[in-house]
Amino acid sequence: MTPGVALLLEQLLNGVQLGVTLFLLAAGLTLVFGIMGVINLAHGSLYMVGAYAAAVTATATGSPWLALLAGLAAAALVGMVVEFAVLRRLYARDHLDQVLATFGLILFFNEGTVLLFGRQPLFVNVPEGLRGAVRVLPGVDYPVYRLLIIAVGLGVALGLYLLIQKTRIGMLVRAGATHREMVRALGVDIRLLYTLVFGLGALLAGLAGLMAGPILSVQVGMGESILILTFVVVVIGGIGSVRGALFGAVLVGIVDTLLRAYVPGLLRQVMAGSEADALGAGLASMGVYLLMALVLLAKPRGLFPAHA
Amino acid sequence: MRSVMKDERAWAVLLLALAAFVPVVAPMLDSPATVALATRIAIYAIAASSLNLLLGGGGLVSFGHAAYYGLGGYVVGILYAHYVSGEAFLGVIPGSNDLLVTLPLAILVGGLGALVIGALSLRTSGVQFIMITLAFAQMLFFLFVSLKAYGGDDGLAIRRVAPVFGLNLRDPATLYWISLGLLAAWLFLMDRVSRSRFGRVLAGIRQGERRMAAIGVRTYPYKLVAFVIAGMGAAMAGALMVNQARFVSPDMMHWTKSGELMVMVILGGLGTLVGPALGAAALVTLEYTLSGLTEHWQFILGPILVLVVLFARGGLMGAVRRIAGMRGRAPDALPAGELPAGRVQPGDRAAPDLPLREGAAPHG
Amino acid sequence: MAEAPVLSVARLVKRFGGLVATDDLSLEVMPGELHALIGPNGAGKTTAIGQIMGEITPDAGAIRFLGEDITALSTPARVRRGLSRTFQITQLLEDDTAEGNVALAVQARAGHGFRFWRNAARDARLREPARAALAQVGLAEARWEVPVADLSHGERKQLELAVALATGPRLLLLDEPMAGLGASESLRMTEVLRALKGRIPMLLVEHDMDAVFSLADRISVLVYGHCVASGSPHQIRQDPQVRAAYLSEEEGV
């Protein structure tokens, strides 16, 4: 296999890996919106909480299992508290109030994290048994840890599919996404359903954060940059649709990764190296937004609109 | 007198007149930072008021308003950079350090940016619209971060600005009065627009798009025009801010700036004339005070925002209204400000008070 | 009939998932005619109005209005051609006054929305037609400057009609204008409609059978989205199919 093809394959896998991370966030965001009608900007904070809890635990105990547990528990717990204390009061409000209140939560969580852990990024090692790479194809080695992330993400996607299609909770979730008033009128304990869905969304956000820890640096503000990318995913996929979230996430992940990998190189052929890198990075960052604009021109409700 | 208290325009004129004395009073209080702070408030008031045209006027929750604010700022910054280097922008447009050139151009570019982004974003509505306006603003943010020729992450400094009508813009009081004058002009425009035919359609769109369609109004062009006007206002504010700070950077279009502008609108009173200006004053002062107390002031500001949203509906103007109109008919029974014209006139008060909400009848 | 129909709906079909809401529906409204559409709850009457107005896209069929195929037109485009509707659940601008609601419809008809400077509330060219429409539906003058949020249910129903009239309709679609009204309010609404009758053709969806049988020139009966009978009030009274499918259910109510 030529080096060019090997590089492309590696970048594609990187794209899928970013995609599944985005999916874990987008699934929660889109469900929470589809069922409760709430736009939650603080979803990215839960990602950050998961990452920090896992990073701190891993550093303190050295146990990846404890780190996993801590990351999940912290994100779910913080998520439930946020739902109980703030979001629950916002279900009946308009989107503007929801945006502002959750914007306030972001400031609180970010600055709170600075207070607790400082502004320096934390670095997390890949767990012992997961270091190194495997040969996925002749001539193409790929890190085990990243493969694991892809596997976990796809596993969660399958699990969510089964949960939504095959269980009673899933039935309510589906019904809730399309006929919110009807589910309410049928006397389902909607509060419990809300808390469960929100907890699940928080858990997935935390999972995404703790898995991303060893790849990215764990730092304040990590939640927002990925949150905005997640918005792009949700808009492209169609709000309220988990299938759309998966499709949109992988699409955005791959497009973003490939642009970042190749655009600076292409620009370097026409301009100076450092400028090409900076402009390339900028253009690559813009790429997914242009993709979103194109999708919206064709389909204003996204690729898989849940509300027909 | 009460009717005067209830007319927001009277409030606006009174507050602007009082504000004009800030540079006179500030030296007496021995606080030189006050004029600069007041200038920032006046500039933010323009930006917040322009956003209010969308949020409060048309019910369009744009979460990317900082994009136009930043665009306005960069027009000033980039033209200045070309003025200094002597090379024309794109080889065509000569640089300038004259506010009389840069400000209109900034407004134009802000309007064009809003036209393009609005044309795409307004194909959606509701939560998609929020996310898309945010995403487009981030896109511009990344673009300017990557433009190394214009400072990239670090931004551009603006040093020597030409005098305007012989007035030195480096004099804080002069810049303040210019900003305040533009704020007054902008508020006057907003007042006229909100009462005009266009403003009525916009208010109708906020209250019920379905109704607007049923009376034969295609809402898209109205929303787009509102979006462009708002973008122009934000760009004007951005251009002024760059003159005040003598600096422009991508931070001006960061999404948190869009959030702050929204906060100002809500804090002051959504859909009111004076509210966004009061909100700007409140938030700038709050930030200034809190940051004087602790480096981690956002840790306090965040929960304050949550509490304001949850418990202080109507914002500062709502509170003012409740106080000013205590003995009359509850003016806050009308959400989103804007007393329907005709009801504000004193003569109408003579009509016997009709019972409120007699129709508790089912809606169908 | 020599005259061309104002509205003709041909073989309209609309499905929501497995449910057929409109099943091969055809009907016409002739000039000057008051055509009533009745049927049990869930018969698809409101869905039919939604499709005629362009708020709901039909799966099949065609809608012609004043000789023009309007099936593909948007709602605003249809309104500008002279279609106008009232809503069963009133869709009014709650913060605005009664007069303001109607004035906006007048303004929409005039098509001069892009004016940014003059105060619209003082514009006699908007106010006067608005006041005429309010008077036409019999809303008490003292209530014209009251915000909609403070109007009674009956007044809101009157206002719905006034707004629809202000768009200058050449066909009115009325979705249960009597719903939720008291007996005297219903009678008043019936009289308002009677006064309009002959001047503006109307398609009336209504459950108040006294009103329907006293007003309608022609009645069509909808069951499960399909038109089972159409004829004069006298014919409909006698129709055994209608009695079986519809009247038997409704009489007990």
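Order of writing sets the labels: A, B and C. Residues in every chain begin at 1.
Here, a contact is a pair of C-beta atoms (placed from the backbone, for glycine too) under 8 Å apart; a residue touches a chain by one contact, two chains touch by 3 or more.
Remember, predicted model here, so these are calculated numbers, not experimental data.
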Ask   = Smallest number of touch links from chain A to reach chain C?
value = 2
Query = Based on the averaged CA atom positions, which chain is farthest from chain A?
reply = C
Key: Centre distance in Å when chain A and chain C are each reduced to the mean of their C-alpha atoms   = 48
Key: Whole-Å gap between the CA centroids of chain B and chain C   = 42
Inquiry  = Counting only Cα atoms for the centres, state how far chain A is from chain B in Å.
reply    = 32
Query = chain A touches which residues of chain B in the complex?
reply = 55, 61, 63, 120, 123-124, 126-128, 130-132, 134-136, 138-139, 142-149, 152, 255, 259, 262-263, 266, 270, 296-299, 301-306, 308-310
Chain B residues touching chain C - in the complex, by the definition given at the top = 192-193, 195-201, 203-204, 207-208, 210-218, 221-222, 225, 333-336, 338, 340-343, 348, 351, 354, 356-359, 361-364
Message = Residue numbers of chain C touching chain B in their complex, please.
response = 53, 55, 74-77, 79-80, 84-85, 87-97, 99-100, 103-105, 107-109, 112-123, 126, 142-143, 145-147, 149-156, 163-164, 166-167, 176, 179-180
Key: Complex contact set, residues of chain A against chain B   = 33, 39, 86, 89-90, 93-97, 99-101, 103-112, 114-115, 224, 228, 231-232, 234-235, 239, 274-275, 278-283, 285-286, 289-290, 292-293, 296-297, 300-302
